[in-house]
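Two complexes are shown next, each including subunit A; its partner changes from subunit B in the first to subunit C in the second.
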Partner chain A sequence: MSQETQQTPEQDAILRTAIDRSLRHPVMFFFTSGAAWLAVSLVLGIIASAKMVAPEFLDGCAFLTQGRVFAGHMSVLVYGWGCQAAFGVLIWLVSRLTRQESRASGIILTAGHLWNLFVAIGLIGILAGYGTGVPWLEFPVMVWPVLLVAYALIAIWTMIQFRVRSTGAVYVTQWFAIASLIWFPWVLGTAVLLIFFVGGNALMAAAVAAWFHSGMIYLFFLPCAAAAAYYLAPKVTGHPVHSYSLSLIGFWSLAILGPWAGMQKLAGAPIPYFLPYLGAAATVLLGVPTIAIGYSTLRTMLSDTAKFASSPTLRFTAAGVVCMIILGLAGAFVNLPSSTLQISQFSITAYGMDILAVYGCFSFVMFGAIYFIVPRLTRREWLSKRLIKMHFLFSMYGVIAVASLAVLGGLIHGQGQEDFTHTWDSAAERAYPYLVATLIAWCFVLFSNFFFFMHLLLMWMRLGRRSSHPTLLGHAHLESPHGEEGDIDNAGPGSVIAH
Partner chain B sequence: MSHSSPTNNSTRPDLDESINVTIAHNPSLITPAAAREFSNPGVDKSPLSLATFSLCAVMLIIGGAVLGNTEGSLFSYTNFVKPNYVRGKAPGVTDDAVMPPKAIVDVYVKKGQSLYSAKCNGCHGADAKGDGANFPSLVGSAWVTGPSERFSQVIMNGLQGPTSTGKVYGAGIMPAQGGGMSPQDLAFVMTFVRNSFGNTVGDVITPEMAQAAMDISAKRAKAGSAVTAEELKEHEKDLPGEKMDPATLIDPITLKVVEAKK
Partner chain C sequence: MNLRTFTLGMLTTFGFAWVFAVVLPFFKTRELTPVYFNEVADGKTDMYFPKRTGQVVNGAKVYAQNGCYVCHTQVVRPTYAGNDIHRDGWAGFKLDPDRGDTRRETNVFDYMGEDFAQIGVMRIGEDLSNVGSRYEKLAIDHNTKQKEALGDAWNDTMKVTPQELLYEHLDNPRKVLSMRWSTCPSFHFMFEDKKHASSHPIPKPEARSLVAYLLSMKKNDAVPASMNYSPVKPAQK
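Coming up: the complex of A and B.
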C-alpha cells in the first residue's frame, strides 16, 4: 500500500480496475463454487447432527450413515468451501498489493476446476465407503496428490507475482498471505506423505494427523483470515492499521508457535511424553497472536464508527476477528493438561472448536472479503442489504450456538466420560440436549447460506445493481429499499467515498 | 503519508496533465468501486496498549504453567508407559468406591479370552474345536482338562506327534506359544481354556503355578524343542503352588484379593 502515492488517484483506479478484470473469472469461480460446497457441507452437517440426535434417521441407506456423512461434512467444509474461498481471496489480495495483473488466470481457472472435480470425487468416495478415516484427511488416498498438484498450479503464479514485485516495504497482509500459501502445502503434504505413503508406526500417524488438524487451523485458515482482515480494515475505513508493529508481533508469534501445536490431542497415548505437553503449551500460547491480530484489526475497524455501522465488509470481518480472539482464548481454556484437556479430548468440544475456527473465525472474514471483492470483479453492486443482513444474523446466531453448545456441552460430555462409575450411555445422555440445539443451529446457518449463495450467484451472472453507490447496511438511504440508486456513468473517481 | 483519499487533490493544480477526463470518466477503465477505494492509509505507530500487553502476558504465564507443571519430567521416557498403571479415582469419588470385586475365575477367564484370540484362535478356532483334520479340538481334551503341568508344557513348548487321543493331525507340530508371555498371561490363558468351550475344570491357575510351569519348561532336557506324548508322561501332575478358591473375590483392575467386608 505504501507505494501507491507515486501515482495519481486516477492511475491507481485504472490499475485496480485492470487487476480486478484480470482476476474476475478465477476468483469468482472460487467464491461461487466455494459457496455451493458450503451449502453441500451444511446439508451433510445437518444430516450428521440429526443422526446424533435420532440414530434411526435415514438409516436405510449405507451411504448416509453417520461415519460417512460427518466425514463428508467436514471434508467439504474444509476443502470445498474453506480452501477455495482462501485461494480466491489470497490471489486477489496479493495481485492488488503487488500491483500486478494476473497473467495466468486461464491456468488458475483450469486448476480450480480440477480442484472441484477431485473434491467431488473425494466426497463420492467418502459416501461410497472409501474414506480413509483420518480426521480432515478423509478423501480417498488417490485424491490428495491431485489436489496438491492443482494447488501448485493455483498458487505458483501468486508466488511469482510476489517474487517480481517492485521493491518497497511488504505490507503485513502479504506476510500472512504468502505464509499461508507456503504453510498449506507444507502441512498437507507432510501429513499425506507421512500418513498415506510412508509406512510408519500407526500411533505416530495418529500424532501426525492431530498435528495436521491443528496446522490447517492455525497455519492456514487463521493467517488467511488475518491477511484479509489487515487488508480490509484500513481499506474500508481509510485509517492506518492501529499499532502496526503489533501486527508483526502477531505474525511472528504465529509463525513460531503454530507448528508446535496439535499433539495434545494424544495426551495419554504412548507417544513421547513431551509431545502432548508441548502441543498443549503451544496451543495456549497461540492466544498471543490471536490477541495481537484481533486487537489491532478491531481497533482499526472501530476508527470510523459510521463506516463500521454501515459496511457489510466490516461487519463480517469484525465478527470473524472476534471469533478469532475467542478461538485463541478458548484454545487455551480447553487444552490445559490435568484439568480441561482430558474432558475435551474425546468429547464434542473438538467439533465445536473446529466450527469456531473454520466457520466462526475464517469464514466470517472470508464473507467480509467476498462482500468487498465481488462488486469490484463483477462491476455490479450487491442487490439487497436485506439479504446481506439476513446472511449475517442467521450465520452469527448459528455459529455462536454451534460453537458454544459444542464446546461447553463437550466439557459436560467429557466429565460424563471420565466418570467411570457410570455407564457410557450416561455420558451420551449428558450431550444429548446440546446435540439437539446444535442441529437447530445448523438449520439457521444453512438458511442464511442459501440466501448468500443465491445472492452470489446473481452477482456472478452480473445481475447485480448497476449503480455507483455501494450497498450499505445502515438506514441512510431511505429513498430506496436496497440503497441509493446511481447512474454508473456519473461515477468518476472521487465521486463517492464510502464502502 | 497518512490518510490521502481520492478527493484529497488540493496539492495538485486543477488541470493536472495526468488526468485524462475521458479516461477518468470511462466506466470500462475504472469501476466505481475501484474509484472510491482509499489508496494509502499510511502507517500508525501507536504504542502497544497496556490491556493487550497484559492479556498476552496472561497467556504466556498460563503457557509457562502448562510446561512447568510437568515437574521436570517433560523428556522422561519412563513416564509415558507407567508400570502397574492404575487409573486414578474420578473427582469426588471417595476411597470406598472402588470397582466392584469379582470372582477370580471370572476375571481370569475374561483376560484369558483376549490372549486366546491372539495366540490360539488361528489354529484351534474361535470355538476351540479345531478343524478335525489339521488342528485338534481343545474341548474335552484329556491333556487340557487333566493335570495342569502337562497342559502347561504343551502351551510353553508346543507339541509334536500324536495328541491325547493318539491321533496325529495334519499340521504335525504345534509351535511353542510361551514366547513373550508373562506368568500372569499363562495363568490367564490356561484358566480360560480349562473353564470355557464346555470345559469345566473349575480351578484357577495362579501366577505362581504359571511361574513354576515356566521354570519346569526351562529346565527340560530338550529345552527349545516341542514336547512329545512320550515326554508328557513325566509331567502328568498338577503344577506346584497353593491352590486358590475360584470364588475368591479380587479387584478386576489391580487383581489383588479383596478382603470380605465385615
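Coming up: the complex of A and C.
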C-alpha cells in the first residue's frame, strides 16, 4: 500500500502531518456529528422497537407514531451517521493516498454543516408528518436537492485531488473509495429524480426505491468499508495486501453485480418479470465479492497476529469484515426465488439485513478507521482502552443479536406468514419474541455508543492523552502497531509543534 | 489498474445496469397500454378500468406520512412467489355471494391514482390490498348478526358502515377481542377528543382521507381474460 516517493522519511512524515492538519476540522466534524446522529438514531430505534412489542408505549403523540419513528430511525442511521462517517473516512483516505493537503477544508466544513442542518430538518419533517413514505428516502422532498448539493461540495475536492495526483497507478483502497464516491450520487440522484421529480408508474417508482436501497448498501456502504479495510489492514500490520488478484476480483465482481441487485423486493408485484429475478440473482452472487474482499483483508490483518490482538483498529475492522462476509452469505441465503425469497421478502429479515449491512459491516469498519484516524488528526491518543473495549463488546453483542435474531427470526416469521392454514395472528406471534430480543440488543448498542460518543467528543476537544504511545488493547507490548515507536505522526521527526 | 481502465470499467458496469434495469423499464412503463375485455371470453367489450373512489391521493399521503408501509404491504403475490392468495380476504373472497371466487393477484392497474406503490417493508400486520372489501364484508356481517339478534327491535339507523368500523379500529386497534394481539399503533391523534367514552370516534380530516383511501382498496374486481392468470376461477355471472 505504501507509495513510492523520492522523499526522505522525515519529509514524508511532515507531509502526512500537514495533510492531517489540513483535514482536522472537516473530518473531526463529520465523525463527531455522525456519532451524535448515531446516538439519535439508536434512541429512535429503541423507541420504534419498543412500540413494535408494546404499542401503548409513548402512545398518543402524533410525532411518536411507530411508522414515523421507524422512518426517522433508519433515515438518521443512513444519512446522519452512515454518510457522514463515510465522507470523513473517504476524504481522509484519498488525501493521504494522493499525498496532497486538502485545499478546500473550509468549503467541506461548510457543506458538512449544511448536510447536518438538512438531516435535522429532514428528521423533524418525518416526525412532524411530512415524510415522503419512500423507504430510505423519507426526508421531505425539498431536503434531497440540498443534500445532493452539499455532497457535491464535499466530494468534488476529493475527486479533484484524485484527478491531479502525481502517481499514475490507482491502488486498491482508491478503487473502492473513488467508486463509492461516484456510485453514491449516481444511485441517490437517480432515485430522487425518477421518484420525486420525473414521476412514472407507481410500481416502477417502488422498484427504483428498492434498487436504491440495495444500491446504498452494496454500492456505497460496502465499498466504503472495503476501502477503509484495504487501507487499515496493511497500514497497521505493515504487510502488503494479501492477494492483489483477489481484491481485483472483489472489486470488479461488486461493480458488475451491485447495480443489478435490489428489485427482488418486488418479487410477485406486477413489474416486468425479469427485474425481480435479475435482482435476486445479483444479490445471491454478491456473496462472491464479499468473500473475496473479506478473505484478502482478513488474511492481511492476520499476517501479524500480535498486532491483530492489540490494535483496536484491527479488532473493529476485522469484526466489520466478518460481518461483510456474513452479509454476503446471508444475502445469498435469503434471496433464493421460489424458496427463501418468499419467506424473507416481507418478514423481519428485511430489517435484520439492513442492520447487518449498515451497523454490522459498515459501521464496525468505520469505527476501526475512526480509532486509527482521530489520534492522527488531533495529535492526541485515545484516553482509555477500557472505553474502547466496552464499545467493542457491547456493540458486537448488540449487532450480532439484532442481525441474527432478525435474520433467522425473520425466516421463522416468514414461514408463519406463508402458512395460510393458520390465522394471521400466529405469524405475528412468531415474530414477537425476536422483536423483544431486538429491543434489548438495541439497548446494549446504545449503551456502547454513548461511551464511544463521549470518548470521541473528548478527543475532539483535544483532551486526549499527550503521548507517542498509541492506546492498545493488550497488556505490555514491545512494538507498536502504528509503526516504529517515536515514528508515529504524533511525535515523530516530522512533528510540527502542536497548538 | 490505471485510471483509464478504472473509469471505463465503472461506466460500463454501472451504466449498463442503470440503463437496462432502471431507466429503460421506468420510462417504458410510464404510459400503460389499456387492456380491453374480450367479447367471447368476458362477454363485454369495455376497457378494463378499476374504479377507485374517495380521497385516494390525500389518503395515500396520510398513509405514507404515518409510515403504515413499515408494517403493512399492498401486494398479493402470484402463487409462484408466495401464498398470499390463500389467505382469506387478502386476494378477494373464495365464496363471494354474488361473484363466486373473486381472488386474484395484484395487477398493474391496481395502483391507479397513486404516485408511489406502497409495496411495504415488512408484513407485521395484514396485507391491505383488499382491506376495503374486507371491511365492507365485516359491516354486512355485523349488521346481519345484529338484525338476527335484535329481531323486531332492529331498525336501519343501527346499521354500521365500513367507515365507522375502520374509525373504531384506527382509534383503538385492540378494541375488538379478536384483535387483542395487534401491535398496530393507535391513531388517536387523528380523532377529535371524545366527550363520552362510549360515543363513536369523531374523525379529523386526515382520518377521513385515510379511511377513504383504505376503503378504496378493493383489488378483487374481475379482470379481462387476457390478464386473468387463474383460469380455474369459475366465471360466474
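As a working rule, the second predicted complex is superposed on the first by the 471 of 499 C-alpha atoms of A that agree within 3 Å, B and C clash if a C-alpha of one lies under 4 Å from a C-alpha of the other, contacts with A are read in each partner's own complex, and residues count from 1 in each chain.
One rule holds in what follows: a residue touches a chain if its C-beta (ideal position, glycine included) is under 8 Å from a C-beta of that chain, and two chains touch if they have at least 3 such contacts.
Note that the structure is predicted; figures quoted are calculated from it, not measured.
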So in the superposed three-chain picture, is A:Pro9 touching just subunit B, just subunit C, both, or none of them (first/second/both/neither)? first
May I ask you to decide whether A:Trp186 touches subunit B, subunit C, both, or neither, giving the answer as first, second, both or neither? second
Contact-wise, after the overlay, does A:Tyr273 reach subunit B, subunit C, both or neither (first, second, both, neither)? first
Let me test your reading of the model: by the given contact rule, A:Gly474 touches which partner, first (subunit B), second (subunit C), both or neither? neither
Chosen between subunit B and subunit C, the partner touching more subunit A residues is C
Which of the two partners, first being subunit B and second being subunit C, lies in contact with A:Gly106: first, second, both, or neither? neither
Could you look at A:Ser243 and tell me whether it touches subunit B, subunit C, both or neither (first, second, both, neither)? first
Considering only touches as defined above, state whether A:Cys61 meets subunit B (first), subunit C (second), both or neither. second
Which superposed partner A:Ile291 touches (first subunit B, second subunit C, both, neither): first
Thinking of the overlay built on chain A, is A:Pro135 touched by subunit B (first), by subunit C (second), by both, or by neither? second
On subunit A, the footprints of subunit B and subunit C overlap at residues 270-272, 278, 337-338, 418-420
Could you pull out which subunit A residues touch subunit C in their complex? 51-56, 59-62, 65-71, 129-135, 138, 168-170, 175, 178-179, 182-183, 186, 190, 194-195, 198-211, 219, 248, 252, 255-256, 258-260, 263, 265-272, 275-276, 278-279, 337-338, 341-342, 345-348, 350-351, 417-420, 424-425, 427-429, 431
For a test of understanding, state which residues of subunit A touch subunit B in their complex under the given definition. 1-2, 4-5, 8-14, 16-17, 20, 234-246, 270-274, 277-278, 280-282, 284-285, 287-288, 291-292, 295, 328, 332, 336-338, 375-376, 379, 381, 418-421, 467-470, 486, 488-489, 491-499
Per the touch rule above, subunit C residues touching subunit A in the complex are 1-3, 6, 9-10, 13-14, 16-18, 21-23, 25-30, 32, 61, 63-71, 73, 75, 77-78, 80-84, 86-87, 105-108, 110-111, 114-126, 173-174, 181-189
Seen from subunit B, its contact residues with subunit A in the complex are 1-7, 9, 12, 16, 18-20, 23-25, 27, 29-49, 52, 55-56, 59-60, 62-64, 66-67, 69-70, 73-77, 79-81, 87, 90-91, 93, 97
